[in-house]
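The following pair of complexes shares a single chain, chain A, combined with chain B in the former and chain C in the latter.
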Partner chain A sequence: MLDVVHQPLLDIRNLTVEFATRRGTVTAVRHINISVGRGETLGIVGESGSGKSVTSFAVMRILDRAGRIADGSVTFSGIDLIAATDRDMGDMRGREISMIFQNPRAAINPIRKVGHQIEDVLLRHVQAVRSNVKEKAIDILKQVRIARPEERYHAYPFELSGGMCQRIVIAIALACKPQLLIADEPTTGLDVTTQKAMMELVIELTHKRGMSTVLITHDLGLAAAYCDGVVVMQQGEVVETASSGVIFKAPAHPYTRKLMRATPRPGATLRDLLEEERPARTPTSVQTDGSPLLKINNLIKEYPRQRVAKSMAKLFGRNASAADAEPFRAVDGVSFEIKRGQSVGLVGESGCGKSTTSMMAMRLLDPTSGSIILDGEDIGAIPARDFAKLPARKRIQMVFQDPTDSLNPRFTAARAIADPILRLGDVRGRDALRARCEELAQLVGLPRHLLDRFPHQLSGGQKARVGIARAIALHPELVILDEPTAALDVSVQAIVLNLLDELKSRLSMSYLFVSHDLHVVRLLCDHVIVMKSGRIVEKGSARQVLEAPQDEYTRELIAAIPHPPV
Partner chain B sequence: MTAFDTAVEAAAPPATGLSATLKHARHVVTGNPITGFSFTLFILLLACALFGSFFVPYDPLATNTAVALKPPSLHHLMGTDQLGRDLLSRVVVGTRLDMAVAIFSVALVFALGGISGIAAGYFGGWTDRLVGRLSDTIMAFPLFVLAMGIVAALGNTVTNIIIATAIINYPLYVRIARAEANVRRNAGFVQAARLSGNGEFRILLTQILPNILPIMMVQMSLTMGYAILNAAGLSFIGLGVRPPTPEWGIMVAEGAAFIVSGEWWIALFPGLALMLAVFCFNLLGDGLRDIVDPQRRT
Partner chain C sequence: MRSIMLKRLATAIPSLLGVIVVSFLLTRVLPGDTASYFAGPAATPQAIAEIRKQLGLDKSLPEQFARYVADLAHGDLGNSLTTGQPVVTEIANRLPASGELTLLGLLIALSIAVPLGILAAIREGSWIDHLCRVIVTTGVSLPVFFTGLLLVYVFYFRLGWSPAPLGRLDVFYSAPPQVTGFYLVDALIARDWETFRAAFAQLILPAATLAIFSLAPLARITRGSMLAVMGSDFVRTARASGLTPKTVILTYAFRNAMLPVVTTLGMVFSFLLGANVLVEKVFAWPGIGSYAVEALIASDYAPVQGFVLAMAILYVALNLMIDLLYGVIDPRVRLEA
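Coming up: the complex of A and B.
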C-alpha cells in the first residue's frame, strides 16, 4: 500500500486510440504518456483535433462505438482502467473520477430539478441514504457557492444562468468526493468574469480536498493561470510536458512557441501573432479623414415581457403586475459613431446587447426607436424586410460568428461567395462571375481548387475565409464583424485577424468589431466601446480603455482575462 | 465529437459532388444487408409495375371456369380464383395500380404539405396559424374514416383515392416541414442570404427548401407504404377501384369469403404482396435516412 502513495494518481502509458471509419483506421491519439500526481493540477493544451478530448474519453472509457484503445495502459491509483469491467467502471465514474463537460446546459437533464440530479449521484454511489440525501445535496450546493441553496434545490436548469448551471455540474462532479476531476473545456462559452469565478471555485475546492485535476483547454492563458504542469498536444501526440512556469518562460517545442505567439496578450501587435520568420511590416496606418460613416443616436430595442403571463392574468381578471407590463430593454439608448476607415470594437459579456446593437446597425432587426444614419441618410426607419433590396444594402455587410452555421450546407464555396454578387452586384455572365469569385478567393487567401467544395469539406479557417470573401464581395464601406474568430483555434485566429486588418487598409473599409475578448479587440481596433446591460459604460481609444480604464466594469473585464506570463 | 471529426477530415480529403454521394449510397446499400434487401425489393416492385403486364403468363382479366378455385400448381403458381383467373398474373399486374396511387398521392402531399409547412415555419404569424389549424382539423378525424368520407363524397375513382390519401397525410408533412423550416429561419446562412439582398421567397426556395429536402425524402418513403395500405384498405371495403380490375385490396376482399371453405391462396398472395410492399418502403426509409443524413457517415 505504501508505494501507491509515491506513484502518480493517474498514469497514462503509451496510449493509442484508434477510430474505425469508412476511410480506414484513424489514429486519434498516438503513444502518449501523461501522468498526474496526487493533488496536482495538470493542463492539457491543444487545438481542435489534437486528441485532448479523446484522451479524457479513453481514461473514462466513454469512447463511442467506433473508438478503440489500441495500445498502452491507463492506471488509476493502481487499478488498470483498460482491463476493468464495465460494471467496475460504472462505480469508478463519479466516485473516483469525475468529469465536467464543455456545455453545462447539455450536461444536465433539462427536465429534472437540479437538487434531484445531485441526489442521483449520491444515491448511485451510496454516499447518502434517502433520509439525509437532501441535506447533503444542499450542503454541496452551498459549497459551490450557490446563493439561497434551499431554494435553488428546486430549480430547473432553464431557470439558471450559464454560470449557475456550470456550478451545478461542478456540484454533481464533486458530490462523491472523487480523487480526480477531469474538466474538458469547462469555461468555453462562458463570459470571462464567470470563467474567472468558475476556475477559482474549481481550484479552491480541489485544493481543499487534495484532489487532482486535469484541465483540458485550448487556452494557454487559462492553463498557465491555474495549472502546475502543462502538457501540449498536437495531432494526437504529446509534444511537450513541463511545469507551467518553465513552459511559458522557455517553450522547447516549435509548436508550443507557435501557440504562445498566436495567443493575444498585452503588448503584442497583430503581426506578433504570426510566424516569427515573417518580415515585420509597418503597422497599418489608419487613414481617417474624420467624416462619420455611420452614426447611431439613442438607439433603443425593447422586447415585450411575458406576453403569456399577461394574457393569463387578464383571463383570470387580475391586473398584470407592473414588472410584467414594462417591456424588456435589450439596448437602452446607445449612441456612437464610426468614422471612415476606422475600426470600432464593441465589447461586453453575453446579454449586454452588443449583438442586438450590431443586428440593428446591420438592418436585420428593427429598432424600437433611435436613428441609424449611414452617410447622412437615416436607414433606421426603413423596415429590415425592405432593406434587403435597396442599394444601401451593398454598403453594410457582415462576417458572422460561426463560420459553419453561416454557410448553406448545400452551396459550394463559389456559390456562397457569388450569392451577393448575383443579387446586388453588377457582374453578369458565368465566366465573369467565376473570375470575380476567384479574385475574391485570392484576396482572402482561399486556394482556388477549394471553391468547388461544400462547407463540410472545408476546415474552420477555410470556412471563415469564405465568409469574409462573401462579405467583401460587394465592396462594402462598413463591415460588421460579429466575433469572427470565436469558433476558431488561436493559430487560425491569428491568421484571420491579420487578414482582416490587411483587407481593411487595402479596400478602405470601416469595421465594427463585436467581441467579448478585449485583447482581440485591441489588436484590430483603434476605438473601443464597452457595453453592459444595454448601455455604454465606457468608450474611448483602445489604448486608453485598456491601459487606463475609467469604469469599474471595464477594470473587472480586463482583470478577468487569463494570460500567459510573458 | 469535434476533435474526432477534424482528425478524420485531416486523414482523407473527401471527394466532391455526385460521385461522393453515389459512393456513399453504395456503402450504405452494401454495408447493411437489410437496406440492400429493401432496395432490391423496391427495384423488383418497380419492374412489376412498369413491365408486369408484358411478362405475366396469363391475361389477368381472362376468366376460365374450368380451372376455377385451383390451389397453387406448376401451371398456376399462385392458384386461381373463383372465376378461374390466374392469381400470379393478377398480383403482378395489380402492382402498377397500387404503386401509382402511392406515388402520386405522396407527390401531391409533398407538394402541398411540404410547401405550406415550410412557409408556416419560416414566416410564422398568420400563415403559421392558418396552416396549423388546417392540419389540426384534419388530425381531428380518424384518418381512415376521413379518407372513406372523401372518396364516398367525391366518387369512386382512382383520382379521388389519390386525393383522399394525400389529404390524410397532409398533417404529417406540414409538421415535419414546419419544424425543420422553423429551426433554420434565423440560421446564420439565412441571415447571410438576407444581407446578400435575397427576398424572403427566394430564401425560402434556394436556402431553406434544399436543406429540408433530404428529411422530406425519408418521410415520403415511409408514407408510401402507408399510402399503399390506405388505397388497398379503401378497395377492400368497396370504396376503391371496382372489380374486375386487378388490385391487391379488392383481391384480398374477394378472397376473404373463400378462406372459410379452405381456399386460402386467393386472399394470401395479394395480401403477401401488400405486406412486402409496405415492408419494403418502411425499410427503404431507414436506408434513405442513412444515405441523406451526413451525421451517420461514420
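Coming up: the complex of A and C.
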C-alpha cells in the first residue's frame, strides 16, 4: 500500500531513443532516468539538441517515423507505455497524459473552429455525448479564462491572439482531466506578461486537479519559478537531477553552472555570463562625447485600417463611427536620441511599435510624419527606396532577429559578408574583398575555414556572427540590433552579447537594441526606452529604469520576467 | 457571398476582352487563306476575289473586327463555312458532349487518385506508395490515343464487353429529350434507364482513358500535400490528444491538404476540356475539341474564334467556382475576399 503511494506517476528508466538518418543511426537520448511524482511539477531544462523534446515524444509515443525507442522502459501509473498497443496508447493520450506545445498558433487546426477541436477530444475519450458536448467545451473555455466563451467557441485560430491560441491548446490538453501534463516550451515566443499569465493558469489548473506536470524549457528562470524539481539535460543525457531549491543554490554539474551563469539576471554584468575561467576584462568606459548621432522627433507611422472593415461600413449605411475611419497608428509620436558611442535599448511587447520604429530609423520604412536626423541631416524625408543608394546607407546597418532566415541560403558566409561591400563599399578586386571578409570574420570570431560554408552548415551562433560581420562590414556608425539573440540558446546568447559589446567599443559604434527582454537590454545598454501601444511610456538610464521604474507598465514588465534566484 | 461573386466576375471582364481581341487577331495571322481554300484548287483568281468579298475578308482588319464585335454583342458567332451551321448552335451541341466526357473522366480520376495519394502519404515508403508511383508514371507516360486504342482493343474487340466506339449513343437509341445536354443526366430526368445504360456504355471507355491520364497530377499533389500536412504541428497536437487515426487523417489532415488538390483539379479540368481532341478522335466523340481542330485545318475562322471564346468563359467560370470552393474549405480565404 505504501509502495503504491510512493511509486512515481511517470517513471522513465534507461530510455534510449535513436533516429535513422541518411548518415546512419543518431542517438538523440541516451540511457536517461527521470521520474515524476504525483502532484509534482518537474522541469526538464536544456539547450537545443539536448533531447528534452524527444524524451517527451517518446513518452507519448508520437516520435516521427525515423525515431525509435531502442532501449529502456517508460512506466505510467503502473502501465508499461512502451509495450502498450497503439489502441491503448491512443486511449492514454489526451485522457491520462496530454501535451501542450510551442508555437500555439501552429499547434491547432487552422481551419476548424476551436470549439469543435475541443469537442473532438471530449467525444474521443467519451467525456461527453453529442447532446452535452458543446456545453462542456464552453465550460472548459471558461476554465482557461477565455473571455466571451460562447462567442469564441465559433472562432477560428486566425481570429485569436497568440496568447488566446495557447489557452485553446491548454483547453484541449486539459479537457479530459488527465493525470499528467507535458508542457513543451509552452511560452516560447509569447510576450513576458502573456507568459506569466499562461504559466500561472497552467499551475493553477494543474494544482487544483492534483495533476503532475513536466515543464520542458530552455529557460532556467522559468523552471526555477514554477518547478519543484529540475532535470538538466545536455546532448541526450541527464547531467543533473535535484530539487529546485538545491539546484539553483548549489549547482553540482559544470554544465548546470554554465547554464546558470549564462542566464541574464538582475545584478549580473555582461562578463558574468561567460565561463568563469575567462579573465575578467576591465569594463569598457563609454566614450560618449555627448553629441547626438541620431535624433528622432515626433515620429508617427500610420496604417490604413483593414479595407474589409471599411467597405463593410460603407455597405451598411455609411454610419461608421469616426474612430473606425481613422488610420491605425503603429507608432504614435515617438522622440528620442542616440548619442555617439551610446547604446539605447528599445523595449516592449509584440505590437508595441518597437520594430516599426527601428525599421523607420533604419530607413526601410517611410514614416507618416516626424523627422529622423542623422548627424544633423534629416534622412526621414528621403523615400526608403532611394535611401539604399545613398552614401548615408553605409552609416546605419542592421543585425536581424533570425540568424537563419536573414541569410541567403545560397550564399556562402563569405559572400553574405561581402554583400554590402559589393553594393556600397570601396573594396575592389577578389583578393582585397576576400582579405576584408577574413578580417571581418576574425573580428567577430568566426573561424576562417567556415567562410566557405553555407548557412545550413553553420550553427546558430556562427550564423549570428555572420550576420554581425555583414552589418559592420561598411564601418557603420549606428547599428540597429533587432532581437539579435532571441533565437539563440542562452550560452550562445551570452557569447554573442559579449561580442557585440566588445565590437561597439572597438569600432566606436552606437547601438539601437530592440528587444522584449529587459534583462538582456540592461546588459548591453546604458539607456532604455520602454514602449507600449506606439508610445514611449518611460525612458532613462538602464539602471534607473530597471531599479526604480516610474511607469506602471514597466514595473509589470520587470515583474513578469522569471529568473533563477541569485 | 453574392457581392464577392460579382466582384470576382468583374475582374474577369478585362481578360475576356483580351481573349476576344487575341482570338480575332490570331485567326487572321494564321497561315492559310480561307477564300482560296473554299474556292477549291481549280478556282480562278476572280472567283477567289469574289468569295473573299462575300466573306468580308477584303475589308481592313479594324473594320472586320468592328463587325465581329457587333455580331458578338447579338450573340452571333457567325456561321461555319464547312458545315454551314451557326457556330453558336454547334458549340451548344458539342460542349455538353465534351463536358460530360471530361467531368466523368475527372470523377473517376479523383475517386482513384485521392485515396491513393492519401494512402501513399500515410504509408510513405510502403508497397502502396510504390504502387502509387507506378500507376502515376504509367498513366502519364502513355499517350491518350494509345490508352484509348488499347481499351477499345481489349474491351470491344477482344472481350466484346463494350459497344462500338462510335459517338455518344448506339445508332439504335435516340438521344433523350435535351435538358442539360448531358445524356446521362437527361436520361435520368426522363427516367429512361435503357438510354442511360447505353449512354454510359459509350461513355465509360473514353472517360477511363481521360482518367488514366489525369490521375498523375492529382495523385501526386494529394500525396505531397498530405505529407506536408501530416508533418505539421496541429496534426501532432491531434495525435497527442489521442484522436483516432481516422479523425486525424480525414478531419484534420485531409481538409487542410485539399487546397492544392482543388487548384490542380481546376487546372487539369480546363486542360482536358480543350486537349481531349485525341480521345474524341479515337472514340468518334462529337466534342468541341475535334470541332475546333477541324475548323482550324480548314482555315474556318468563326468556329475557332467561337471555340476560344467559349473556353475562356468556361475557364473564368471554373476559376470562380474554385475560388468559392476555397472559401468553403478555408475560413481565412473568406475573410480576404
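For the reader, a short list of remarks on this structure follows.
Everything below uses one rule, namely that the second predicted complex is superposed on the first by the 547 of 566 C-alpha atoms of A that agree within 3 Å, B and C clash if a C-alpha of one lies under 4 Å from a C-alpha of the other, contacts with A are read in each partner's own complex, and residues count from 1 in each chain.
In this section, contacts are C-beta pairs under 8 Å (C-beta built on N, C-alpha and C of every residue); 3 or more make two chains touch, one makes a residue touch a chain.
Please read all numbers here as calculations on a predicted model, not as lab measurements.
In the superposition on chain A, A:M362 makes contact with chain B only, not with chain C. By the touch criterion stated above, A:V169 is placed in contact with chain C alone, chain B being left untouched.
In the superposition on chain A, A:D64 makes contact with both chain B and chain C.
Touch criterion met: A:R470 reaches chain B, while chain C stays clear of it.
When both complexes are overlaid on chain A, the residue A:N109 reaches chain C alone and has no touch with chain B. After overlaying the two complexes on the shared chain, residue contacts for A:R124 are found with chain C alone; chain B is out of touch. By the document's definition of touching, of the two partners only chain B reaches A:P409; chain C does not.
Looking at the superposed arrangement, the partner reaching more residues of chain A, out of chain B and chain C, is B.
In the superposed model, A:G94 lies in contact with chain C only, and not with chain B.
Shared interface residues of chain A (contacting chain B in one complex, chain C in the other): 64. Interface residues of chain B facing chain A in the complex, by the touch rule stated above, are 1-4, 6-14, 16-17, 27, 187-189, 191-200, 207, 210-211, 294, 297-298. Residues of chain C that touch chain A in their complex: 3, 124, 231-234, 236-244, 247, 251-252, 255-256, 329-332, 335-336. Chain contact summary for the complex, chain A toward chain C: residues 60, 62, 64-65, 90-95, 98-99, 101, 103, 106-112, 120-121, 124-125, 156, 158, 169, 172-173, 308, 315. Residues of chain A touching chain B in their complex: 19, 21-24, 26, 28, 48-54, 57, 64, 66-67, 235-236, 362, 364, 385, 388-389, 393-394, 397-398, 400-402, 405-411, 416, 419-420, 422-424, 452-454, 456-457, 459, 467, 470-471.
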